[in-house]
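A, B, C, D and E are the chain letters, set down in written order, and residue numbers restart from 1 in every chain.
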Amino acid sequence: MTTIATAATRRPTFDEMNLSTGKRTRLHRLMYEHGPANGTLMMLPIDQGLEHGPVDFFDNPASIDTDWIYRLAVEGNFSGIALHIGLAEKYQQKYAGRVPLLLKVNGKTNVPNDDDAFSPLTSSVEDAVRLGADAVGYTLYVGSPAQADDIAQCNEVRRECDRYGMPLVVWAYPRGVAVKAKGGIESLYAIDYAARVACEIGADVVKLNEPVWDAAGAAKSPKPYDTLEFSDVEGLRRVVRSAGRTLVLVSGGSKMGDEATIHKARIAMEAGCVGLIFGRNMWQRDWNDALSMARSMHQVMNDHGQDQA
Amino acid sequence: MTTIATAATRRPTFDEMNLSTGKRTRLHRLMYEHGPANGTLMMLPIDQGLEHGPVDFFDNPASIDTDWIYRLAVEGNFSGIALHIGLAEKYQQKYAGRVPLLLKVNGKTNVPNDDDAFSPLTSSVEDAVRLGADAVGYTLYVGSPAQADDIAQCNEVRRECDRYGMPLVVWAYPRGVAVKAKGGIESLYAIDYAARVACEIGADVVKLNEPVWDAAGAAKSPKPYDTLEFSDVEGLRRVVRSAGRTLVLVSGGSKMGDEATIHKARIAMEAGCVGLIFGRNMWQRDWNDALSMARSMHQVMNDHGQDQA
Amino acid sequence: MTTIATAATRRPTFDEMNLSTGKRTRLHRLMYEHGPANGTLMMLPIDQGLEHGPVDFFDNPASIDTDWIYRLAVEGNFSGIALHIGLAEKYQQKYAGRVPLLLKVNGKTNVPNDDDAFSPLTSSVEDAVRLGADAVGYTLYVGSPAQADDIAQCNEVRRECDRYGMPLVVWAYPRGVAVKAKGGIESLYAIDYAARVACEIGADVVKLNEPVWDAAGAAKSPKPYDTLEFSDVEGLRRVVRSAGRTLVLVSGGSKMGDEATIHKARIAMEAGCVGLIFGRNMWQRDWNDALSMARSMHQVMNDHGQDQA
Amino acid sequence: MTTIATAATRRPTFDEMNLSTGKRTRLHRLMYEHGPANGTLMMLPIDQGLEHGPVDFFDNPASIDTDWIYRLAVEGNFSGIALHIGLAEKYQQKYAGRVPLLLKVNGKTNVPNDDDAFSPLTSSVEDAVRLGADAVGYTLYVGSPAQADDIAQCNEVRRECDRYGMPLVVWAYPRGVAVKAKGGIESLYAIDYAARVACEIGADVVKLNEPVWDAAGAAKSPKPYDTLEFSDVEGLRRVVRSAGRTLVLVSGGSKMGDEATIHKARIAMEAGCVGLIFGRNMWQRDWNDALSMARSMHQVMNDHGQDQA
Amino acid sequence: MTTIATAATRRPTFDEMNLSTGKRTRLHRLMYEHGPANGTLMMLPIDQGLEHGPVDFFDNPASIDTDWIYRLAVEGNFSGIALHIGLAEKYQQKYAGRVPLLLKVNGKTNVPNDDDAFSPLTSSVEDAVRLGADAVGYTLYVGSPAQADDIAQCNEVRRECDRYGMPLVVWAYPRGVAVKAKGGIESLYAIDYAARVACEIGADVVKLNEPVWDAAGAAKSPKPYDTLEFSDVEGLRRVVRSAGRTLVLVSGGSKMGDEATIHKARIAMEAGCVGLIFGRNMWQRDWNDALSMARSMHQVMNDHGQDQA
């Protein structure tokens, strides 16, 4: 049976990433001036209202108020907050300078199905510059039948990022009918491919889901993925390697229990990821629980600092 | 059973909305210089000729003459009038300065079905500036299979609005085959989602329909909407919260009786909306009835003034 | 039974239309300096070669020569001639200044069916300016599934017309599968809607077909059109009202007998239209008949002059 | 039975065509300075490698070498050579100034079927100017379901031609499922329509195939084409008339015998065409045969000179 | 039976290719200053991560690290390395000037099927200039139903290449349902056509697969390909001729045995190709084997040097 690479990888340095002065300055703010400030990232995303609708806010009704999320970002000492232009314009002002902004520049609703998923632009890199953001986020649906439009649109965003020295964070999500047929969106095949695509098209950071071992799904994947078995940390190490000199953030996904959440964070950091971008697992809790979970995340991060070099 | 938020919400202030000087100046004209002039909005729309055809003018044949509508806007002391470029160019001149203009910048006919609804541009934000308008209106069909084109086009309009300091009013209408399958265009699920989308993509004001409780429709909606019961005011309070710092206007829809119309207005204001945009319920009446209904609306508005802060 | 408005309407004046100086100057040339020169319009269209192919030229073989058509325009004292860029470039020169040019800026062949009719651009408003034209013509297929592209394209043409002070004449033609299903392209429902659309999107003049009463077709139309009965003049009066401050031209359509042609012209003018745009009914005749018919049209026009105001 | 016009037509002069100085200068080079140099055109096309693939070069293997074709163009004293950018860039240099260049600016392969034929751009009018070309060629598939994109793209090319004074030669080819259903691509109906379309959209020269009389095909064509009978010369005379002041070039098509080729050329010139654009009938022969055929063509041309006027 | 041209062809010189100063300078670097430096090309491609996913890196796990590939390019003395923007930005810096860069400017994943294959842009010619690249690579799917978009996009890239003096290398790959139906992507019909298309649309260099003789596939190809038999070298000689003055690179494809790889290289050079672009056959080996294979390739190249002329 084919085996997968499992050796822990030192994260790429700014020098290795060959970052421009602007990108380096902004990533420095996110990684060494806010949040854990030790070279890791602890991002708080609040774009679920567009992606899933207000359903995600029922578990903790306070979370529907974006100002509550901002308070959590500040009190929980996150590295940055990730959201769309409408929220940035109307809620960032009070916290400007206190929590870095990652402007999500594309998105969509989940009302129609995801067979040919594609997220149009909701704002631009110029908007991000104007708002003092330190990064932009772009969702690329890897493997979607709409990939031609998606890669082309991402290329335009990348170009603007190069122009303005703005770090590009790619939400690299496998999607579409062909992905389903080849093992599904959580398969190692699909996420490993997504990691590599993000790297090749020029992402500075890639947001990935954790690959999930599932024999039935894997069997539908191309060789050698069809017979590859792996633990959680092995799966993540593999995708970290495929991402190359692109830093990896792990998504939180649906809400889990406290221990599972902390475990996922620890695994991610051990696998060589640069950090976490957990949303529902942070703010689908009441205030005290949320702050407590943020503290737990900081503890995990403390063990994984790395100099900028 | 999950319950929904029902506490009345103070409307967001201009400071909270972080409005630019241009947007603030123009919204001030609409909210504090015309109509009730107490921080509420009472808009008169006349875009039904494009959206539905002249069928809407049969009940009150005088209404086919846009000049009659303008007289109603002035005599009825509305906050503004909402229409397309053709009517603005040919009818606004006589009333310029007396009734603020909201230029509707996109629209379509209802001749083909709405399965993949999308409204192309009929004018631009620059046209609005040239005509001295105080806001633009954009129809976004939330959940339509054409959402990629729609969100992208809306983004361009938003960008121009930011550039010129023009308030953006989004007609956030759930539409398309997937919406039908998930409970329909009047379901709380759909309208709540639409409210949030408008907020996240950067609307200053969102025009929504009142959610209608319908057990059969709700059953098709995603959890927890499938079992949520609510009164009229509760439904609106919910969507007002989802809209966040985006002000909410309630649509009038098809003509109702006088009492139902006044009741709807009152409920809307109690739920925390900034105002009304009733068309057919205003001008599908003869002159005296229309003026009388306008006066009734003013009485409702008088109870819901709020300082600009 | 619902009745339709039948009172004759004074045509809108240039003041009421709020025309820019450029548009006013050019419409003045068409309406007060050429042809009847009394505020009416008698346009000669020769775009059938593109729209229908050379089939239309068999009845009068001389008509295939565009120079023959130009001679007719001059000798028959028409208000202007309407055609595409290729004919304008190669035939207008000899008659420049003697007969005003309306440049048709979009068109298509009728080889494929009309289910999703759409006419791409064949020239631009800038071409019209360069050629000394006094108006441009744009075909909008109201109700076509391709309406999104069509309205958007028309908007660009309108914007250029505003920029250069060029009058915009919209050929507002109901088309497409949904129109067929709701009563057909000659139904009052469809033409009334088309008239209103032209008005709302900013046409200065709209070219319409005469609505035809047909019980079977009407029965498929939305209320109240399904039960509306009307005479020829009543149908036209209705659409003239729906067009508001947009002037109405009536199309000639397929060739009719002499009396029917003159009757149609008279009815149109009595209904409040600004004039006629008869092609096949003019040039599918030999020279003497064509000139004679032109003289008959002038007689009709003479009874319907109106000051510019 | 309807009859078709058969009188020979004098070709339009430069004055009648109202050519700009740039277009006149370049057409003068093609028509009065190279090739027969008597007002006729004898063009040599070599775009079959893109349109059909290398299959066309098997009959005469030497023809795969474009330099061989250029030598033929020079030795055979052609009016010009027609090809795509890649060949122009790499083979024209040696013959620059000795044989005028017609740059074909769009094209496609014939691998997919022609149901919705459309040829994208392979170069631009600016490229033609840069390369010192004297004309550009554009393929328009008349009647294709893709006609909206095609006419729009052709309009852009025409605009650039006007801007730079570059003659526009339109390959007007009936294509697509609707054409098949109405009599086929060689029917008089289809070619006559194509001739007129080229004229109306602004072609200076149109390249047409010779209409072929075929009772079965004609029967499917619209009236009166369904019952029109015609000889070769009558068919061409008809389309020459439909092309109006657009000069007509006749395509050679698949290889025929020597006599048939010369007959076709003679018929074309008698019918009022300006010349020939024969490719396979020229270079699917060995060197001596090809030169001999070129001389035969010159003899035909000698009988049909016409002053520039 | 039809025979195919088999005479060896001298490769076109820079003079014959009529290269601009910029293109000549950059091709000189690739062909006469790096790698064999004798007028041949030995390119190392590493775009498989995007095109196929990380599956290609399992055979030699070290190959997932692009820095390893770069070391191979330098130590193996390749003429250049071919990859996408993300790898170029993050891995080229250390080797800048030591190994020339060919920036691949478009690509796609192979998750969806290839029925209507099309590769969107991942970067631009300007990016290539900024990064100091000596060529750009563009994948054109010849015969794909998406050919209209593909040819148009390639035209834009070609135009930019002309503007900046950047050599254009076209990956000319037959693809799509029609290609399958006519003999498949490895048929001589398809590859011969692809070679000619690349030449006609303006490629300076074309990357082709070796045509494979397969009676069953050929039988589905158009005449005379349906009955053409050929050896490996004959097939390549044929496509080299069809490519004309466009230099030909042969792809390596899936990994073969050592002897087969060397044989393929030798055949390619004997057939008149300018060089090789072998990826998996180079880096799906451990370090020593890879270097050894590179040396074998150099030996082949040594026999095929040609002066620049």
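The criterion applied here is as follows: a residue touches a chain if its C-beta (ideal position, glycine included) is under 8 Å from a C-beta of that chain, and two chains touch if they have at least 3 such contacts.
No experiment lies behind these values; they were computed from the predicted model shown.
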Neighbouring chains common to subunit A and subunit E, by label: none
On Cα atoms, by how many degrees is subunit A rotated relative to subunit D, nearest 5? 145
Whole-Å distance, C-alpha centre of subunit C to that of subunit D, is 35
Report the inter-centroid distance (CA atoms only) between subunit B and subunit D in whole Å. 57
Where in subunit C do residues touch two or more other chains at once? none
Flag every residue of subunit A that touches subunit B in the complex, lowest number first. 47, 49-50, 53-55, 57-58, 61, 64-66, 83-87, 89-93, 107-109, 111-113, 118-124, 127, 149
What part of subunit D is in contact with subunit C in the complex they form? 2, 5, 12, 16-18, 142-145, 147-152, 155, 158-159, 162, 174, 176-179, 182, 189-190, 192-193, 195-203, 222-225, 241-242, 244-246
